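You will see chain A twice below: alongside chain B first, and alongside chain C after that.
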Partner chain A sequence: MPSVTFEHVTKRFGDATVIEDFDLQVADGELLVLVGGSGSGKSTILRMLAGLETVTSGRIRIDDRDVTDLAPRDRDVAMVFQDYGLYPHMTVRDNLSLGLRLRKIPRHEIDRRVAWAAGMLGLEPLLDRKPKALSGGQRQRVAMGRAMVREPKVFLFDEPLSNLDAGLRAQMRIEIGSLQDRLKTTTVYVTHDQVEAMTLGDRIVVLADGRIQQIGRPIELYRTPVNRFVAGFIGTPAMNFIEGTLAADGGRMFFSAEAARLKMRAGTAESSEPITLGIRPEDLRMDFIPQQPTHGSADFDTLTGRVVLVERLGGTSHVHFQVGPHRLMASVASDSLPEVGHDITAHVPAARVHLFGGDGRAIGRTAEIV
Partner chain B sequence: MRAEQKTASLMAGPYAAFLLVFAVYPIAFALVLVFLQWDLVTAPTFAGADNIRLLVHDGRFWSAVANTFVFLSIHVPLQIITALALALALNRQLVGRSFWRAAFFLPVVISGAVVAILWSNLYATDVGLINHLLVKIGLSPVPWLTDPRTAMPAIAVMVTWKNVGFYVIIYLAGLQYIPRSCQEAIEIEGASAWQRFRYLTLPSLLPQTILVVTLSTINGFQLFIEPYVMTGGGPLRRTYSVVLYLYNNAFAYQKMGYAATIGVALALIIGIVVFAQRRLIGKAEAL
Partner chain C sequence: MKLLRRIALYAGLTVAAITFIYPFLWMASSTFKPPVEVGSLALIPHDFTLDNYRTMWARAPFGRALVNSTFVATTITLAVLVFGSMTAYAMARLNFRGRPALNAATIAVLMVPGQLTLIPLYTLIVQLGWVDTYAALIVPYLFNATAILMLRQFFLQIPQSLIDSARMDGMSEPRILFTIFWPLSKPVLSIVAIFTFMGAWNEVLWPLLVVREQNLMTLPQLLTVFALGGGAGSVGVSLASAMVLVVPVVAAYAFLQRNFIESMAGSGIKG
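Up next is the complex of A and B:
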């Protein structure tokens, strides 16, 4: 039985439809990440599940209980907020225990759970401090501890790491992941950061404009995005796109754009509509000596361009180059790098190419690369 | 740097002059007057510690202090409760919220004498609106301002009404400062409306409450216009406040030295009471 179920959930604010006909099932013990840009509706979905927003139509279930019309306190969920939502006038200990005291849990049980959460999160030395005497990371841990001691059916995380600096964010990301691994509590996690989504999620839901774009395991979204939005959103650095057309020539499909002609996989269907070709920066292989002819090799699996920018990140570097009117980027090892202004050749493996039709949907998808 | 200092002195100048003339000078003058006898007409004479000795043994002064404490014991708690309740109500999504906020603030800017005359009419034993309503629901009329037991409480209620709008604004500011995530967190954690108030709203408003207690106490010690206009200090001197006594000594009995002594004593009492309040509330916060 799924732990959380959304059935045809729609949410309107006045005339604006924020979420439309949303269906989702979260498995028991799963960590599901809702990811999308601002205005995608991800936080609204989480807040509807928490009971902080009403549902315009549709039902929400936790286990087999319909919670659509229940107050937040009756849903058996615990939430971690972006700005933590700690009670500023209370010590860490009181912050952790208040929810249990409100629910009339026996004193010894409260003490046990607070000690357990504090131990797991390394909060013991901080129990008698107030939130203002804690660092951002410590506050984040207290907020998580407050959710843990409740032992709820579902954890809700609303962009919990957005207020932390990059280093701390990476560390807390690992902690949340390993914590969820041990607790096995169903978790719905909202973020705009696709790296967080990729590293944390058992499954990811990519949202745009209140609609699900794709649901899947992180690697599925990375390897077989169903549309151009998901392709561009998932993966860092972002996928390169080239606009062009498909045409058959001598029994093979070719993708043609200005200054580019590439041979497609066997079995690629013909299409008369405009096509967008996508290739991830890490899938491009680079040669520093341009081959002849200028528009790719005889095998038509290369692009030739001129380097315009090299970003050295340490182990890898980002080489930006111009192919006719198209600005592309390759992610390559830093051992040997071209200079700005040099001509280079980028190999485009046909198996790694993504094609999207005029409506943005992936076409000619092949299952073998999954 | 020198030019900056010059600009600074120029800008601070007018206010410094104002402060000097209307605060520093009168305070210094009052401190001098404590040791003088002066009827405003003849030249002042040195009185040594006479005024202080008189004050210590002056039953009327101490009964005025007691009256003022009676006033405060009703006014301050009532002010906190009404201001907080109104602020909570006005903080909700309410039809005509701006109108209600303005309406409750209006009495603050109305002249105290006008309010006192208005409420004298409301409190009037035979023709007052309040007694009219009491009779309508079958109760007997109350001589609000002429019964020694009800006169001071009646004045306290009126002063609370006049000032409530000011304290509502302080509480409203405090309410808007409580993070939304805290309110949502406590809701998810299982708190009822009362528990949310008890565990989040009320403790979050502690700084505002300290301010309301301090300001309404200082304000309350200066009770003057209301008894002056409404009761003249009666009945049986029960509404005779310290400042009314000070005023009468200065301008009815023309004892400027003694009036100044009362003023300095009042300032000391206010200082001690406010200091004690802060200590008490500070201890409550640490709990």
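Up next is the complex of A and C:
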């Protein structure tokens, strides 16, 4: 039985339609991540589920109970906010227990739950402090504890890590993941950070302009993006794109663009529309010694370019290079790197190439799912 | 050079401070002087006496006026804080049809001078039969546009996530206002309280219009009637009655001022 169901949910603010005809089912115990840029409507969806925004039309159900018109307090959901939303004038203990006190939960039960959450999150020594005296990570934990003590049907996270520095963010990400593993509470998690989405989500929903672009397991989104938006959004560093056309030549399909001609996988359909070729930086293999010019290469599986920038990240490095008018990037091991200004060839495995039509939709399935 | 400038600065400030504080101290000390001494500029009475206060108390019901004033000013202040913050909360944080119009109307109210509404208001009070009642002194002041706008401005800065958290925790809107917003709004509440209290406490014209019965008169009203009517008889007695008027306001200010500083320093919501 699905834990959360959106049915044809639409949200308008005045004349602006933010969410249109949104359908979604979240399975019981699942951690579902809503990811998208700003203005994609991800937070609005979460706030509608929480009851903090009204729904213009459509229904929302939690465990088959229609909660569309219920107040937030009656929905059995708990939420963790981006800026934590802790009451600054109350101690950690009061912040944790307030929601329970307001629900008239017996004192001993409140104490038990506060102790349980504090133990789980390492908050015991902080219970009598006020939020002002806590670090960002500690505040984040208190906010999570406040949601946990409620023992709700559904957890909602609204960009909970975006106010933390990079190191702490990585650590809290792991904590949230393992916490959800232990609690097995259905969770809807909103973020703009696709790394969070990839690492945390059982499934990911990619949103743009209030519409679902793709739903799937993280690896599905990475390997078989259904459109150019998802391809560019999921994966770090972002996918390279080259605009061009497809044409048949001697029984094989070739992708042609200025300064680039690449042989496509067998079975690629012909298309007269403009085509965007996508290739992930980690799928490019690089040789430093200039071989034959691309057009002369018998296999038509390489691009020739000049290195314009090398970003050394440690184990791997990002090599930016220019192929005609196209700026591309390859993610390679740092053992032996080209210098800026050197010519290189980049091997483009046909099986790893993604093709997108004029409307941005993926054409065929060029990469075998391994 | 730096030291000299510092000395000059402090000397200037000291002179300025004395200029402000001296008349007040002189008034305070003169209330304890016998009539012959009142003319002197000295701050320490030569012959300390409480006669001025005794005379004042004997000639007019100042005790009663003090009670009236305290009751009226306190009621008005509490009402302005409660109703004002409720209105401000709605205007700042709730979405409803007509909110921009309400904002505009509140600002428009500020542009109407009080003297303009004095006569219509008086007529209204007469028609309601409220002349010589506490209602006449209190009801017209229950709402205050300045207070609403000050509170609204402050409430706008409180993070939305606090309201969201409170709603998820199951609080009603009034509860959010009084248990979340109020503790965070001490600075602005203090300022509104002190201005409202002082305004209500010092009001003379309105009580003169709607109250004629001596038992209902407020302190400044009775003082005006007393001093202008020649009831005081001597400067010392006039000053003593003025002192009774001023002390509660100064005390209220001193009390709330500490609160200002405390809450200004402690209002770290984020960081």
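Definition applied: the second predicted complex is superposed on the first by the 363 of 370 C-alpha atoms of A that agree within 3 Å, B and C clash if a C-alpha of one lies under 4 Å from a C-alpha of the other, contacts with A are read in each partner's own complex, and residues count from 1 in each chain.
By our rule, a residue touches a chain if its C-beta (ideal position, glycine included) is under 8 Å from a C-beta of that chain, and two chains touch if they have at least 3 such contacts.
Since we're looking at a predicted model, the values are computed, not measured.
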Report task. With the two complexes overlaid on their shared chain, look at chain A and say whether chain B and chain C clash or fit. Result -> clash
Report task. Report for A:V77: first if it touches chain B alone, second if chain C alone, otherwise both or neither. Result -> both
Query raised in the report: What is the contact status of A:L52 with respect to chain B (first) and chain C (second): first, second, both, or neither?
Result: both
Query raised in the report: Taking the superposition as given, does A:K132 touch the first partner, chain B, the second, chain C, both, or neither?
Result: second
Report task. State whether A:Y222 touches chain B only (first), chain C only (second), both chains, or neither. Result -> neither
Query raised in the report: Should A:L98 be classified as contacting the first partner (chain B), the second (chain C), both, or neither?
Result: both
Requested in this report: Return the residues of chain A at which the contacts from chain B and from chain C coincide.
Outcome: 50-52, 71-73, 77-79, 81-89, 98-99, 102-103, 146
Report task. Note which residues of chain B are touching chain A in the complex, please. Result -> 179, 181-182, 184-191, 195, 199-200, 203-204, 206
Report summary line: The answer for chain A against chain B in the complex is residues 50-52, 71-73, 75, 77-79, 81-90, 98-99, 102-103, 146, 150
Query raised in the report: In the complex of these two chains, what residues of chain C are touching chain A?
Result: 159, 161-162, 164-171, 180, 183-184, 266-271
**Report entry** Complex interface listing, chain A residues touching chain C
**Finding:** 47, 50-52, 71-73, 77-79, 81-89, 98-99, 102-103, 132, 146
